[in-house]
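Once you scroll down, you'll see the structures, which are given as structure tokens.
You will see two complexes here that share subunit A, one where it goes with subunit B and one where it goes with subunit C.
Then we have the complex of A and B:
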């Protein structure tokens, strides 16, 4: 695939890695490959954040400020936590990248909110499922990248709180 | 490791406490490869008492390397070195207090962590704020005359209250126990972090209780609250009992009752502040002669017309 080789070198965006990471997020039960986080790319996460804001806009909620604010503070919190809990450090860009990728199911939820209201039992259950999905993916990637055995739930829980805040934005 | 031998009996209060309780143990010291700052870990292998081998990680060993400053991550890393199973085990231990089993000795095993208390407090604050708002939303669904506006300041209030309680009360308790240290010969007091740790875990039971407070049946709410308070306070008392029982009766009973009282105040304060319709029921029977049951949590009609 020589054609794809050139844009990679020029733009620095590795499409194959982006696709791989997206697949990892979409399938939270499959074990992740620890090496995919070796290069932090923020293209995917920024795209998903903008998509989230756009779908929220379509549903009638103008909340870009909250999204960016919560993302930044949430990333900071998770960054602090991961540095405390892992034996090897982690960079802020890596944390932001992983959390941004795992925002993809949330984008699915908010695009659903465009078509039907989520304030009901079904909406709540769906939101909970999405939150669990997001946090499992995020914690799975962090665990495999930082080699933290036996701490997946401990990482998943703060991620679930963060994604829970996003879900609250989406549902209400 | 001659330096470690010198350290073993000066600084490791916890180890000597364990040793004093189970005299036929052997101690070995080794450096843990997971503690890159050169902290020395003393492993206590017990013959009978505690079963599995324990590790005591001390954060007071300044002899081997200059201690990282408290503004760096590595200073706090030792307090977050827990597994999922350990955290779950500690939570279970806080839910089911047993007389004679101190939470600190049996579950913490001298490895206090800050992960549990921090996230339990965060969850409790979050859940309090959310359920406080949800009760009004649910009441509005039942009766549309109640006006609901999202009260985000409740998150801030909840957060500040819970965190202050979880840090200041253990600080006061620890300071008091340190002051009374001279009276006790056998067992040293708990370190500040252990105090914070068991206070934090003792707050865990309030999380499901607060969620259950969504059910708008008053006597059920009081029942759940009393149950949670009893379990939580029992846990605190059983943990503190080995420390205070060697003190004078007066001081011991005063301390324990102060601990239980503060806990009760926290529980009731949360109930009254976050499930605020309660004050409305005091106004309603005085001004209305309808058949309002005084124990209804939410009055069906707003009190405002009464003042006009």
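Then we have the complex of A and C:
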């Protein structure tokens, strides 16, 4: 008897958790639950990366190489920083997962770029808002998962630099 | 599942137990599972072996990297320099731009070890220099982009030349400290931290230059150069002349004068380097 949910179980993709994490990212003001990061899952982030690449392609920019390179180096940098700043360590998969999830608002920005050009004041302001949104959610999740106090802005800044690079790719 | 060196947490095991497919702990010793048809592809013995081999390779690689990294980079010592919080960073940035009113420059000690930067604004940290360096490279890329001289290789060139200058500076100062036979507790990492603080002023200068042209650039850079000069003198004086100050000897002997000159030379080199590394970015 075919039961819904069995195939995703076998593949190890928990749609409920993915949806929960996505909601956490979309609402940067709601405090995050520290335990959601205990399972490192890369399905969501890979989906968002592919979506970003696809929307960039639709807007006419073929820059997959830069996306992969930048994300790898950026993840490595943030992984090193988080390991040095937190009392408990963090795994590379966890960092990649969180950063990938918080890429979602950037996908929204690049899909906007398909319909109207982002160069100009409105585009710059929108890009800045999206960067702040991404970095605040990422730092919020890291803070609650790693139990760091008084360091949210310090984590948000390097995340903002990383997402700023993505935004540069999207806008120019 | 309990293997601490695993790169990826095994999220399949929780569900798979409920669905009857018996999977052993991921990693070595992967049993050939007799599973439901949907999982037949994953239970295939060849892919089991491949997964086991792959994850054992990854685990070995990670161990190797961990062992070697520990040899070259003292991670626990570095952690001290990153024990910062937002309040400390704010106060330190304020000090870097306006050090004139700050009275007490001594680092507090707690049973022979210096207190973490979180608790004392005078302690050196590596967060600000590291972030400032990365931001400098990105802002340099931005500046080159607005002048249509940007290309990704240029960014890499900028980063490596700044890194080279930093290394040169550190080596030069270490050499002079050695020649002058100064006994200080100024470690190499401390020195890197102090020398990295000038990047904050450089970023300010370049940003002002982008917004307001050459006048803005020179004004802000001049201000930051003065501030860094005062900051370095007041900080290094305590570190390099600490011995003499502790003994209460008046700062007149030949050795002390030499140390004073060394401090002044280091502090004077900062504004020069700040100008050298930024003037070609602002047109």
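In this text, the second predicted complex is superposed on the first by the 164 of 172 C-alpha atoms of A that agree within 3 Å, B and C clash if a C-alpha of one lies under 4 Å from a C-alpha of the other, contacts with A are read in each partner's own complex, and residues count from 1 in each chain.
By definition in this document, contacts are C-beta pairs under 8 Å (C-beta built on N, C-alpha and C of every residue); 3 or more make two chains touch, one makes a residue touch a chain.
In this text the structure is predicted, and so the values were computed from the model without any measurement.
Novice: Based on the shared subunit A superposition, would you classify subunit B and subunit C as clashing or fitting together?
Specialist: Once both complexes are aligned on subunit A, subunit B and subunit C clash.
Novice: Thinking of the overlay built on chain A, is A:150 touched by subunit B (first), by subunit C (second), by both, or by neither?
Specialist: In the superposed model, A:150 contacts both subunit B and subunit C.
Novice: Thinking of the overlay built on chain A, is A:161 touched by subunit B (first), by subunit C (second), by both, or by neither?
Specialist: Touch partners of A:161: subunit B and subunit C.
Novice: Under the stated touch criterion, which partner chain does A:85 make contact with: subunit B (first), subunit C (second), both, or neither?
Specialist: It touches subunit B and subunit C both.
Novice: Quick check for you: in the superposed arrangement, does A:31 touch first (subunit B), second (subunit C), both or neither?
Specialist: neither
Novice: A:120 contacts which: subunit B (first), subunit C (second), both, neither?
Specialist: Neither: A:120 stays clear of subunit B and subunit C.
Novice: One more residue to check, A:41. First (subunit B), second (subunit C), both or neither?
Specialist: second
Novice: Which of the two, subunit B or subunit C, is in touch with more residues of subunit A?
Specialist: Counting residues of subunit A touched by each partner, the higher count goes to C.
Novice: Among the options 19-27, 271-279 or 289-297, identify the stretch of subunit B whose C-alpha atoms clash with subunit C after superposing on A.
Specialist: So the stretch of subunit B that bumps into subunit C is 271-279.
Novice: Jot down the residues of subunit A that show up as touching in both complexes, subunit B in one and subunit C in the other.
Specialist: On subunit A, the residues that contact subunit B in one structure and subunit C in the other are 81, 83-85, 150-154, 157-158, 161.
Novice: Please name which positions on subunit A make contact with subunit C in the complex.
Specialist: 6-7, 9-12, 14, 38-42, 66, 77, 81, 83-85, 91-93, 149-154, 157-158, 161, 164-165
Novice: Considering only the defined contacts, which subunit A positions touch subunit B in the complex?
Specialist: Going through subunit A, the ones touching subunit B are 80-81, 83-85, 87, 89, 150-154, 157-158, 161, 172.
Novice: Across the complex, what residues on subunit B touch subunit A?
Specialist: 34, 36, 73, 76-77, 79-85, 87-88, 115, 119, 122-123, 126, 150
Novice: Mind pulling up the subunit C residues that touch subunit A in the complex?
Specialist: 7-9, 11-12, 15-16, 18-19, 21, 36, 38-39, 42, 75, 78-79, 81-87, 89, 127, 130-131, 134-135, 138, 152
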